Amino acid sequence: MNPPTFEPRNPDFEARVRESFARQAAMHTLGATLAVVKPGQVEITLPWSEPLTQQHGFLHAGMVATALDSACGYAGFSLMASDAAVLTIVFKINLLAPAQGQSFRMVGTVIKPGRTVTVCEGHAYAIDGGREKLVATMGCTLMAVVGRDNIQG
Amino acid sequence: MNPPTFEPRNPDFEARVRESFARQAAMHTLGATLAVVKPGQVEITLPWSEPLTQQHGFLHAGMVATALDSACGYAGFSLMASDAAVLTIVFKINLLAPAQGQSFRMVGTVIKPGRTVTVCEGHAYAIDGGREKLVATMGCTLMAVVGRDNIQG
Amino acid sequence: MNPPTFEPRNPDFEARVRESFARQAAMHTLGATLAVVKPGQVEITLPWSEPLTQQHGFLHAGMVATALDSACGYAGFSLMASDAAVLTIVFKINLLAPAQGQSFRMVGTVIKPGRTVTVCEGHAYAIDGGREKLVATMGCTLMAVVGRDNIQG
Amino acid sequence: MNPPTFEPRNPDFEARVRESFARQAAMHTLGATLAVVKPGQVEITLPWSEPLTQQHGFLHAGMVATALDSACGYAGFSLMASDAAVLTIVFKINLLAPAQGQSFRMVGTVIKPGRTVTVCEGHAYAIDGGREKLVATMGCTLMAVVGRDNIQG
């Protein structure tokens, strides 16, 4: 999985991603921050936090999915035209191991960009005692939405 | 989608589900409550809440997934033996429409119970101005886990 | 799962579906026939056949997927405009039980039609000794393609 | 995506995979051959063939899925104990581009092996005029089945 080498259509892609991310209240709730924004690849980090856990004390699968979906969504968004908004159509997540650790790194990568439909992959890593472990993988299909007043950015 | 007619292995299934749900901190974060617990079917409700939203003000897809995953997980758990814990292996979510509304109803239903692997379907409904609309569907595959000390209930 | 009540955009939808199905060589290979074509719902039947089996003598999961994907694809196609072609973007299949039986009934149903993206569900039933059993479920996301010369119907 | 470095539990893994593959009638129907069998990775090749096509002359998505599912299944099987059979529980396939070409290379790779549940990834490449192109990706979840008389190998 080398870093993708995509040409962004919008030179301001990083500012657009950061501005939209800042408006995602769910990312504040997760304590998530944008670590990396490259054309076609976005990395989000978050600490373990009790309000995000399931009954065994691991990060809830849905919270892992929330961060991964945003990582994938913004990876796709980074390659979209400046008048497009991004919506997830469908995603699938494989939970390979309990999301156990002190912090988490969520990487979203574009596999195939498209004018309308973009396909991404996400990888969730738990950092536990200084060691990183792959705990989930996501496949995520996005749609670029243009010209809907209530859906911008 | 008629209500399933499954025979629970554990007559105390409802108490077990409610006790485990109460330990899911993520459900408190969502403001979610357990509305219905039947053998093989569980319904969770939650209000719209700003901390759960994405950049357009809709519920974040991952938050919809979090509630649906719990609904599916507990639907499966309701049919499991009393010494089993439940973990999600994989889920897929179709986002059919923006999760826009005052409150949300998440229904998880067992399609096929199994000793090790259980398959569920989830349906997410948004209630907006008194009208209910299907906004997401989930397919969710669960595993019953027995004999792991750190994974109970 | 009641039959959907969708209004076709194209009154000739059935002829279009049947004509396109006849051009799918893969359906001949499967011995598949079009049993039902309604707006938003298509049913395909096929007999068990040795060349379609996996190592245990059951229908290969991929062959079940082939028939279900066509059922879903044509269910979506039945609601599309007359200048649109249909392509599957992504599908997921749950294999609930071995595909064991004398014949198979594959039902594709539109869940949410859309101008660009359509979401369908598929259900595969095995008929074994006169009894019908659900053996697989599919979620299938389609795209309407317009204006590409090499992709028609 | 480096080749996986897994330790097979069964030193005869390659013979077991080849013997089981030979019993998959569906692979004969596809004209598929086993190109590579390593611990945790299997590669299947097949030529384009008219009986496998959809209405636009591309390989039918289900036929791509059939070959990829076998590649993933045998990748998982290569790491299983000698008394285990393999069944696919669920797979998801992203169709990134039309399956257009003279031949196809299907690579299945284990992401996470497990005693009961194994997770694999599949990548389908079309070879068209000497150039290779990624046309589909699969996520595939397998179950090891032990002790069922009608399911061996």
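Chains here go by letter, A, B, C and D, matching the order in which they are written, and residues are numbered from 1 within each.
Following the convention adopted for this analysis, a residue touches a chain if its C-beta (ideal position, glycine included) is under 8 Å from a C-beta of that chain, and two chains touch if they have at least 3 such contacts.
If you're wondering where the values come from, they're calculated on a predicted model, not measured in any experiment.
Contact with both chain C and chain D is made by A, B.
In terms of C-beta pairs in contact, the better-connected of the chain pairs B-C and A-B is A-B. In whole angstrom, the spacing between the mean C-alpha positions of chain A and chain C is 32. Measuring from the averaged C-alpha position of chain B to that of chain C gives a distance of 29 Å.
Chain A and chain B have Cα centroids lying 23 Å from one another.
Counting partner chains per residue, chain B has residues 89-90, 92, 94, 119, 139, 141 touching two or more of them.
For chain B in complex with chain D, the touching residues are 89-90, 92, 116-117, 119, 139, 141, 143. On the side of chain C, the complex with chain B involves touching residues 1, 92, 94, 96-97, 111-112, 119, 121, 134, 137, 139, 141. Taken together, the chain B residues at the contact with chain A in this complex read 20-21, 23-26, 28-29, 50-56, 60-63, 65-70, 85, 87-95, 98, 150-153.
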